[in-house]
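One structure is given below, encoded as structure tokens.
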């Protein structure tokens, strides 16, 4: 194998700037998508535990749609198909006037895809809280929303914290798919550097290092959070 | 929006079918290759000391930390460099998927083996079996049933992930639909059709896995 | 205070409550006993609408329990309940457990709720535990806090669903003492329990249930002092439970 190493490349312009910009987009995609996904996922997850049969079926269909179609295809659908199906004016706005249409389309795709997975997580967490807790809340006169907000959900969140963290890592990784509709996030930038310089090891190495760092930090954050939120155990 | 026209799906049926076949082939290779390498990794973990553990932990951690697209790019770039000659996207993709899946499969194996109670290993060792025999005759058979559904679920995820070879222009099912959609300007019809195909395949496969779980539970 | 008028409940084909008719007057302590599966827990859960029933009527202070799901909240403010497994909220400290419903259901001010919670903790003998989390306490302590939590809403009736059956023997009395004091203060109480000593000392009436129906309903003294005039089923049950 014959290869000329050049690590300085990563610190010289324009490549350093490219990487930083890519990093910025990756972070922006992940975090924006994550908050929308949490909101949607929690809502659908609660619906999955409803006592009304049609609500359970409907939310089950939501989950199965977003989980059984590849994310890449979902991204294409949001980008190419949805604007066509919207009312003409809204579709036009989507395609022409929305600032950063590629970014927002990717955020939507990531958010909905992730929400399907989070919904299942929330359902499992809510069902893992003992039924008596809900009953105790009911018995003190709380309405269903209060019982969820103050009694059941805080406990469910503690239960699902570890898988929730790995879902966040997943959305960071999945944000790389945004490159297929033209968002120059981290993986796209490293590919671009490789194309321009043929220094794949350095370019992909830099991207790899960042993703590994994120995973590492997330692991630490999770352990810390678990410790802070852990409930004291009887001695 | 022009009237929907679904006839082009029929007209391009064989092109689409070839794409689907490539997706399924890549899935199968990913499962078999990933399982083989993943088992090797898990065995090394079981039988070697601390250093082997660290190396394999690092392998698993890195592969699980980075996006599959980046893995595909890595091998698309690296495999020809290592072999010293151009090999094409297909070979690189096979290597990428095998090594990527191996990280996930070795974790599933590890969790499956851990799910067998420690008392079982002790009982086997106490009856005079060697460590290898204990694993072969006592631990593996028990871990196996616990792992099969998870392997299959992972295979369904892999089937969806094969669509990512789009980035190196391999003609899998999604790329095939994308080519037709763009060539004929029929994005809505073709992508809707693609969604339906993926949805039905994955739904059926998931239902199959659930049925299998029920059979095992009995 | 509580009136049951021909109450029936079914789980599918299973008839769990059969034509229950009885009354609990204000200030009365009624102990409900019977073999497991006799429907006694289901019965008291019907009183605060935790379990639905299919026909008949339950009135709490003239208020129709089955009238609508919406009114359940209104009803439950006035009926306190204590569960077999305590059901304290593990993610909240002891004082927050007692304050939560006061704040969000009764809309009390934080200071008022705390003040009330501290008085109740003092009353159940756990003044020093307000800052700790429930899981670090013994079962007996947790159940006393659960009683305080229920009392914080100033209920007019208290329901106890086997309050001591999840406890180690040495902790049973500390809970029964709190309940005895509560009865002495004139609280209306309906208690599902196998603690016959408590029943004899505190209850004004004993109700014996079997297979979903009320078999015996008589004054405490009558129930314990004239076993020969009780039904066979009640005698059998008493023999089993008192023989050890």
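In this document, chain identifiers A, B and C correspond to the written order of the chains, with residue numbering beginning at 1 in each.
Operating definition for what follows: a contact is a pair of C-beta atoms (placed from the backbone, for glycine too) under 8 Å apart; a residue touches a chain by one contact, two chains touch by 3 or more.
Bear in mind the structure is a predicted one, so any value in this text is a computation, not a measurement.
Common neighbours of chain A and chain B, by the contact definition above: there are none. Nearest to the global CA centroid, when each chain is reduced to the mean of its CA atoms, is chain A. Averaged Cα coordinates give chain A a centre that lies 21 Å from the centre of chain B. Centre-to-centre separation between chain A and chain C, using Cα means, comes to 46 Å.
The distance from the centre of chain B to the centre of chain C, with each centre set as the mean of the Cα atoms, comes to 56 Å. The multi-chain contact residues of chain C, meaning those touching 2 or more other chains, do not exist; every residue touches at most one other chain.
Of all residues in chain B, those touching chain A in their complex are 1, 61-62, 64-70, 73-74, 77-78, 81-82, 84, 160-161, 163-164, 166-167, 174, 178, 181, 187-188, 191-192, 194-195, 198-199, 202-203, 206.
Across the complex, chain C is touched by residues 130, 132-133, 135-143, 146, 150-151, 154-155, 158, 231-235 of chain A.
Here chain A touches chain B in the complex through residues 1, 3, 64-65, 67-73, 76-77, 80-81, 84-85, 169, 173-177, 179-180, 187, 190-191, 194, 200-201, 204, 207-208, 211-212, 214-216, going by the rule given at the top.
Chain contact summary for the complex, chain C toward chain A: residues 48, 50, 72-74, 76-77, 79-81, 83, 85, 87-91, 100-101, 104-105, 132-133, 135-138, 149-150, 153.
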